[in-house]
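Down below are the structures I want you to see.
Two complexes, one shared chain (chain A), two partners (chain B, chain C).
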Partner chain A sequence: MEQILANGIYLGSQYAMIALGLTLIFALMNVLNFAHGQMYVLGGFVTYTFYGQLGFPFVVALFLACATLFVLGALIEKFLFGPVIRRSSREESTMLLAAGLAFFFDAVILLVFGEKQRGVPKIVDGVFNWDFRLIMPYDRILICVLAIFSIVGFILFMQYSKTGRALRALAQDRTAAQLMGVNVDRYSMIGFALGAMLAGLVGGLLVTITGVNLGMGGPTSIKAFMMVMIGGAGVISGAIAGGIILGFLEAIGLAVLSQYGDITYLLIFVSLMIFLAFRPQGLMGKPWG
Partner chain B sequence: MKRRVIIKSAAAAVALSVFTSAGAMAENQTLKIGFVGVTSGPAAAWGISNQRSMEARAAWINETGGYTIGDTTYDIEIVSFDDQKDPKRAIAGMEKMAQEGIHYVVGPNVDDGAAAVRPVAEANGIMYFPYAFPKELYTAPASNAVLGMVANYQSGPAIYKHLMENEGVKTVAFIAANESDPLSQRDGGVAAAKELGLEVVSDNVTYQVDTTDFTPVLTPVMRTQPDLLVLSGVSPANAPQLIRSARELGFQGLISTETAQDAQVLREGAGDLANGFISVGGASTPELASDAMREFVERYTDMFGEYNDESNTKVYALEYILETLKADPAAIEDVSVFQATMDSFEAPNPYMVGDAKLRYVGMSSFGQKRQVAVPLVVNVYQDGEFKTLFVAEVD
Partner chain C sequence: MLKLSKTQWIGLAVFLGAVFVAVPMTIAAFGRTDLFFTLTSVGLLAIASAGVWLTFYIGRINIGQGAFALLGAYVSAILVTKAGMSFWLSLPIAGLFAAFVAVLIGLPILRLRGVYFAMITLVLTQVFTLTALALPITNGAKGITSIPLPGELSLFGITLIPDFATLGNPRVAFYYTTAALMVLTFAAMYRLVNSRLGHLCRSMQQNEELASSIGVNISYIRIIVFAISSFFGGIGGAMFGSIAQSVYPSSFQVADSVNFMLNCFLGGLGYVFGPMLGTLVLYFGWDLLFEFGKYQLLIYSSLLIILMLVLPNGLLSMKIPGLSPKARSGPEVAGKKEEPGQ
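Let's look at the complex of A and B:
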């Protein structure tokens, strides 16, 4: 039981971080960012390059991953999503753009970083072992703590900073925010950049545990969408709840159902379908959007 | 002065036209060889190492004047198609090869893709070299598929037997991704282990192919405390994570797989925790590699920036195709000639030291010669590189 709880907290914290960026972008711009997983992978590869290849300290590499994705996100919003949203009121235009971006990033990652799985040296050695009832490597504990701190930091930023308040106003009512003097274009760009940065941050953190390869983007996006669907699209607290719920479901399923084969995700998908049939807006979403 | 310039210009033009026409006459014909396999997504490493091995070898051949088959010298052109590990795409890829008049194709990389393309290949006179293990692909009435590597049901028993005799292994646990290839390899491994008298303590734990954290997956397997943990059909992307998680969970036993791996990927992903990991490799360990193998590795590295150890097994398919065509040039347009030639074909293996031969095998596994005779080289990873554990022959 202790192991299941620990695995659930660890998985939940990293999943919540992945979902946060996705839901932020959706809340601000109504964009389903199918390239979110690829942004996560890019963050991992930037950290791999600076920490694993060039020998920079991990913290510096992580900062560079965040900065790279922030700038990339800002550019993508300014030159791609922004113009498309202005010119087309059809939601599928941004969806197609996001899907195209995902393919583009996959191709770029293959060209620049190659096809191999990449990994970096452990940031902390050793394993916490409580009488074989609870086994957890110290680097996982550290990453889990860092992820929780990042989530708390993000919530505080959204709650108390001027930018955070502007972003929340934008998410609640774009027109009203504009009438109140919020520079919608500027904060849309900042919001998208922040969402991309969060993907880069979690990619950079997790490269120390899971490594990174070019095929991780698609599956990461799918999991992120699942978490957002559970919690409620466009709701920050919903994304966190969705991530934690998915993490615990996975940890419990893998421990309890392993003898029946790989049916954990089958059951999770079935449960999600039933859940969405009764509550399509998710746990914390509003039926009217 | 003017007249002299005109005469010089005319002479230069004549010389140029002579050289150009001579060059045109010397230009080689092109022989297209196809590749249909996965070069994108999580399993991209499998197909890309195939494709790049073929491209590196083709560039080498073309740079050194081409490949002579009968009276004609050919430049080799590799025509590639990414099937995205999707059987429908694999069929489309094989149809594309047929439309381009290609009769020899390397790939697909996985079981369902290899099975899906069989009707297209047989209907269009295409010999193909899959990296997939189902026996029905190579057993009559199937005729056009040639297994491009050593199958797990051939390497697995050899590895288990070696470990039983030399390491005292008595119990074994299997873990596989929830996909057709790894699951069929797991089932084959379990059957082989039981036949050898090993006690199978766990064989039903599987994982999603996109799993990134294996600690929760491995926890129930570790409780069975096996002497040997077999990572059935594990992809190079997952192997280091599985090894790392198993060791961090306190596993002290041996870990092995029957798929090819890459030393750099293991070093980066698992570091010293990968020491002792047993996998199937090719012929590039220092004690086995010939000068040609070393040059191939060098050229591959120059061309693509870094070498992939999986190419140690994947360097062979193109060589087999070309050498067999050389043995009977009529096979270029007629695969039935190729099939007839396979029965008696033999040529020196350029990539291994000693008197190793290229030849087709498979009589004991498939009842007909539908497998390339690559050496069964079992490697053990130690401190960033593979060392040869033992070498055996298939068939």
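Let's look at the complex of A and C:
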């Protein structure tokens, strides 16, 4: 039981971070970022290159991964999503762009890093063992703590900094924010960059545990969509709740249902659909986001 | 009946001539019979994409067509292999079953809008794949293989369609069947869009509350449209299973669902024939880029992105001076951006 709870917290904290980036981009631009999983993989590969290959300290590599994705996100918003949103007659057209980007990242990752599974040396050795009731490697605990700190940091940033206030205003009402003197174009770019950076940060953190490979992008995007749906699209607290709930469901499902074969995800999907039938806007979302 | 202008009749005649006469003759002249298979795939994917386009027409982003295509493929395969039913009977049953399931699933999920509907349909595709893996009747990951080719179809002793197994090249037969199905599908779509139901759909696309307030039964229409959409998905999937003579849970996955949606976007959401053109361009574009080897995906995705920047409203939104587009779906409908409803 303690083991399941610990696994739930560990999975949930990672998932919440992935969902945060996706929901931030959605709240600001109304864009469903299909390429989110690929951004996460890219962050993992940047960390792998600097930490695993070139021997930089882990923190530096992590910082570089964040910086790369931040710049990449800003450029994508400035030159791709911005113009398309302005010119297209239907907002959904951005989905084709996002899917195209997902393919593009997949192609770049395939060409630059290949399709092999890559791993890096452990950052901390040893396993935490509490009387065989709770077993957890130290590096997992460290990553989990780091993830929780990042989430708290992100919330504080959104709540108290000037940029955070501007972003929240933008998410609430674009026109009103513009009328109050918020530079909409600039903050859209920053918001998208922040969302991409969060994806890169999780990728960088997780590369130390699960490693990274090309095929991880798509499934990660689907999981992120699910978390956002559970919590409600475009709501930060919802993304965190969704991530933690999915993390626990997965941990419990894998522990309890393992003898019935691989049906955990089937059950999660089906219960999600039933849940959404009763509460279409998710736990904390506004109706008809 | 359909009221078509003179240019539209000519366009229709040219199109039918190209599909049924010119293309087979050209292929025969160059001896590239493998192209029959490619074009058949394009036709079937276009049928499924037409369904997706129809849900776009009521303002819903459907990324779940792969689920219904998979369902149709399995229904037809199970009926043919386990019950020994004729393929030609199992084809409409597969479509109708997909439509029936769409009604059941649609009742709750069609209440969702915008990205919520998009995401739930994406999840739906995953659910169907996982269900196909878990159920005993679908044979799990091994799938259903060696499905017999479609048999003879005769009415009152007159053979309408000969037994595919006796033909020298069943691919040609599949090509003609698919072409006929595709023409029927798009004729039905054109008719539907230009009917009263089409007008109601357009009113829903612009504003559901407003449509509802002037007496449009929106919940009824969206169920009907989703059912028709899934019917096309089921038909397309069933034909695909019959051509490949096998069905696996991975026959239609999330990537396929996304591709169906991309076909519609690429062709243009405001045009009935958008999905057909989009499918053709995407499928052939991918095939043509095969020569670039490992750069295939890179070039393909870059082209997609550039296309989106240049023509964000789809290929058919391209204006050719002096030529009125023959494939317009009545009035321009893609005009309005959805307000972010708070």
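Simple rule for what comes next: the second predicted complex is superposed on the first by the 287 of 289 C-alpha atoms of A that agree within 3 Å, B and C clash if a C-alpha of one lies under 4 Å from a C-alpha of the other, contacts with A are read in each partner's own complex, and residues count from 1 in each chain.
The definition used in the following text is that a contact is a pair of C-beta atoms (placed from the backbone, for glycine too) under 8 Å apart; a residue touches a chain by one contact, two chains touch by 3 or more.
Worth saying up front: this structure is predicted, and the values here are computed from it rather than measured.
In the overlay built on the shared chain, the residue A:Asp106 is in contact with chain B and with chain C.
Residue contacts after overlaying the shared chain place A:Leu11 against chain B, while chain C stays out of touching range. Once the two complexes are laid over each other on the shared chain, residue contacts for A:Asp173 go to chain C alone; chain B is not touched.
In the superposition on chain A, contact is made by A:Ile209 with chain B only, not with chain C. Contacts of A:Gly218 after superposition on the shared chain: both chain B and chain C are touched. In the superposition on chain A, A:Pro137 makes contact with chain B only, not with chain C. Ranked by how many residues of chain A each touches, chain B and chain C are led by C. When both complexes are overlaid on chain A, the residue A:Glu250 reaches chain B alone and has no touch with chain C. Looking at the shared chain after the overlay, A:Glu77 reaches neither chain B nor chain C. Of the two partner chains placed by the overlay, chain B and chain C both lie in contact with A:Tyr265. On chain A, the surface touched by chain B in one complex and the surface touched by chain C in the other have residues 106, 110, 218, 261-262, 265 in common.
Those residues of chain A that touch chain C in the shared complex are 26, 30, 32, 34, 80, 83-84, 87-93, 95-97, 99-101, 103-104, 106-108, 110-111, 173-174, 218, 222, 225-226, 228-229, 233, 261-263, 265-266, 269-270, 272-274, 276-277, 280-282, 286-289. By the touch rule above, chain A contacts chain B in their complex via residues 3, 7, 10-11, 52, 106, 110, 114-122, 127, 129, 132, 135-137, 140, 206, 209-211, 213-216, 218-220, 250-251, 254-255, 258-262, 265. On the side of chain C, the complex with chain A involves touching residues 56, 61, 105, 108-109, 111-116, 118-120, 122-124, 126-127, 130-131, 133-134, 254-255, 258, 261-262, 265-266, 269-270, 294-295, 297-298, 300-302, 304-305, 308-309, 312-313, 334-338, 340-342. Of all the residues in chain B, the ones that touch chain A in their complex are 39-45, 48-49, 178, 204-208, 210, 212-213, 215-217, 219-221, 236-238, 240-241, 248-250, 262, 264-265, 268-271, 304-306, 308.
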